[in-house]
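Structure first, then comments.
We just call them A, B, C and D in the order they show up, numbering each chain from 1.
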Amino acid sequence: MKRVLSLFFIAALGVLLLYVVASMPPMGDPQTPTATHVIPRYLERAEEETHTENVITGVILNYRGYDTMGEVTVIFCALAAVLAVLGRERRGRIRGFVDRSPVPSSTIVRTMVRFMVPFIILFSVYTILHGEISPGGGFQGGAIIGGSMIIFTTVFGLYESSRRIPQKVRAPLEGSAVIVFFLVGALGLVGGGNFLTYAWPHAARGLQPALVTWLTVLVEVGIGLGGAMVLISILFAMIREEEEIALTA
Amino acid sequence: METALNLTFIVLLVATALMAVWARDLLAAVIIFSVYSLIMALMWQRLQAPDLALTEAAVGAGVTTVLFVVTVFKTRRREEEE
Amino acid sequence: MSAARDIVAGALCCIGTFFFLVGTTGLLRMPDVFTRLHPSTKCDTLGACSVIVGMAVYSGWSWELCKLVVIACFLLLSSATCGHAIGRSALRRNIPYWRRQGKETGDGNGA
Amino acid sequence: MATGNGVRRKLLLLIVLFAFWMVFTASLAWHELVLGAVSCALVAAMTVSLLGRALDPRITPAVLLRLPVFMLRLTWEIIKANYDVAKIILNPKLPIDPRIVEYRTYLPDDLPRTVFSDSITLTPGTVTVELEGNRLNVHCLCPYHEEGLAGLEKMVAWLFGIRKEGEVTADG
C-alpha cells in the first residue's frame, strides 16, 4: 500500500515537473531576457569590469558575490552542524593510531602517497591562484586539498594526519572563507564603493585593475583554505569515534 | 554523433542513478554513486563548464565518496529484508 | 605533414581503445580477483597511455606535451599502486585464488 | 636530522615541484615564476617531512637524469606485457595457470622496493600482492612470467645506482 502510494506521489510530482518544464522557454532560446541582456553583458564587459580573464570567476565572485558569500556560509554551517552532532576529535585523547582494519596499509601505498601528496597540494595551490585566468578557483582547489588529506588519512590514520594539521591550526582557518569574503566586501565600503563591488572609487584610477584582481585572488585563497579545512574537519569528526573506541577496546 | 554521445551519457546517468537507489548493499550504492559523479563530471565538461567538472570530480567522486564510506561503516551495511 | 600527424594520432588512439576493450574482455573472462587485476592494471594503463601519446602527437611540441607526459606518469604510478592495493587486501582477507583444474586451491598465503 | 641535510631535501623537493609548476602554468611570465617559487617553497616546507628518508639518500640528480631512460625501458616492457596479456585474454582457451610466488629482493629501501614492485605490477603477467621487508609475493598469470623479475630488478637497481653485493640488505 505504502509503495503504491509513494509511487503515485512520485509520478504526480514527475508529471507536475514535466509540465512546468514544458512551459519553460526552450534551452538556449535566444529570445529570453537572459540571452538578450545578461549573457552579452557578461561576455562583453566582464573582463573590463571585473578584471578577471575567466568570466565564470568574474560572475561568481563579482557580479554574484552575494550568492557566493551565502554559499560559503552554507558550507561553514554544514561543518558547524556536523561538529554539533558528532563533536570534534579530542586533542591529545588519541595517543596512538590503532589499526583495526584487517588490512593494514602497505609499504607501497604509503611510499606512493608520500610522493603524491606534495604534488596534489601544489596542484591545488595552482588551481586556487589561477582561478581568475583559468578554470578552477577556491572551491575546486579547496576540495583537492581536502581530497589529498583524505587520501593521507585513509592510508596513515587519523593520528598521523591530525598531528600534521592540528586542531589549533584548523579551527581558526575554517571560517577564513566567510571572514575574508566579508572583509573584502567591507573594504569596498571603506574605499568608497558598495559592499562587495571590489571597485574603490577613492583609489587612484591606475591602481584599479590590479586592486580588483588581487582582491579576487585573496577571496579565492580564503575560500580555498576555508573549504579545505572544513572538509578535513568533517572527515576527522566522522572518523574520530572509531579511533577512540579502538583505543579503549 | 554529438547527440548520440550526449544520449549515451544521459542514459548512463539515469542507469547509474537507478542502480544506486536500488542497490541493497550500501557500499555498492556509494561506489555506483561515485561512478554517477564521474559521468556527471564528463557531462559538465561536454557542456563546456570545466569549473563545474573540476568541482564534481573532486567533491562528487572524491570527497563525498569517502565520507559516505565512513558513514556506511559506522552504520549497518546491508538493508534488512522486509 | 599535418595529415601524417593526424593519422598517427588517430592510430594511437585506436590502439588505446583496442587495449581498453581487451582489458574489459579480460575483466569479464578471468576467474578470480587476482587474475582480474592483470587486465585491469596493465591493459587499462597502456590503453590510457597510448591515447595520451596520441594526443601528444596531435599537439606537437608545446607545453601540452609536458602536461600529457606528467599525466601519463601519474597514471602509471597510481594504477600500479591501486592494482597492488586491491591484490594485497584480497590476499590479506584470505580470498582463495584460482588454480588450474587438478591442482588444489591456494590458501592465499603464498606458494 | 642534520640541518644541512634538511636544507638539501627542501631544495630538491622545491626544484621538482617547481618543474611541475612550470609544466602546469605553461608560461614564462615573471609574475608566474615568482608566484610559483613562493607557492612551491611553501608547499615544500610544509610537506618535506612527509617524504623523510625516501627523498634524500635515494633521489639524487643522477637518479633524476637516469629516470627518462628508465621510463623508456619500462615503457617497452609495458608494451611487451600488454601484448602478452592481450594474447592470453583473446585466446579462447584462456591459457592461464596462476600462482603466487615469493621473491626476495636485494633492493635496500622503501623507495627502490616500491618502484620495483610497481614495475612488476605493470609488466608481463605479474602483480605484486604483498611487500614485507625484502620479501615480495607476486601473483603470476603463467609460470614463465616469473622469469622477467630478475631483469626488472636489475633495471631498478641501475636506476638507483645500487650494486648487488655492495649494500647490506636491511630487513624490515
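We take it that contacts are C-beta pairs under 8 Å (C-beta built on N, C-alpha and C of every residue); 3 or more make two chains touch, one makes a residue touch a chain.
Only a predicted model underlies this, so the values are computations on that prediction, with no experimental measurement involved.
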Looking at contacts between chains, which pair has the highest count of C-beta pairs? C-D
Centre to centre, by mean C-alpha position, how many angstrom separate subunit A and subunit C? 33
Which integer distance in Å separates the CA centroid of subunit B from that of subunit C? 23
Between subunit C and subunit D, what's the gap in Å when you average each chain's C-alpha atoms? 17
By residue number and range, which residues of subunit C touch two or more other chains? 77, 81, 84, 88
Enumerate the residues of subunit A that touch no fewer than two other chains. 106, 108, 112, 115, 119
Expected list for subunit D, residues touching two or more other chains, is 20, 24, 117-118, 128, 130-131
Let me make sure I understand the interfaces: which chain pairs count as touching? A-B, A-C, A-D, C-D
The answer for subunit A against subunit B in the complex is residues 56-57, 127, 135-137, 139-140, 143-144, 146-147, 150, 154, 231, 234-235, 238-239, 241-242
Touching subunit A in the complex: which residues of subunit D? 13, 17, 20-21, 24-25, 35, 39-40, 42-44, 46-47, 50-52, 54, 110-111, 113-114, 117-118, 128, 130-132
Residue ranges of subunit C in contact with subunit A within the complex: 74, 77-78, 81, 84-85, 88-89, 92-93
Applying the document's contact rule, which stretches of subunit D touch subunit C when the two form their complex? 20, 23-24, 26, 71, 75, 78-79, 81-82, 85-86, 89-90, 94, 96-102, 117-119, 121-123, 125, 127-131, 137, 139, 141
Of all residues in subunit C, which touch subunit D in the complex? 19, 22, 25-26, 29-30, 34-35, 37-39, 41-43, 45-46, 49, 63-64, 66-67, 70, 73, 76-77, 79-81, 83-84, 87-88, 90-91, 97-100, 106, 108, 110-111
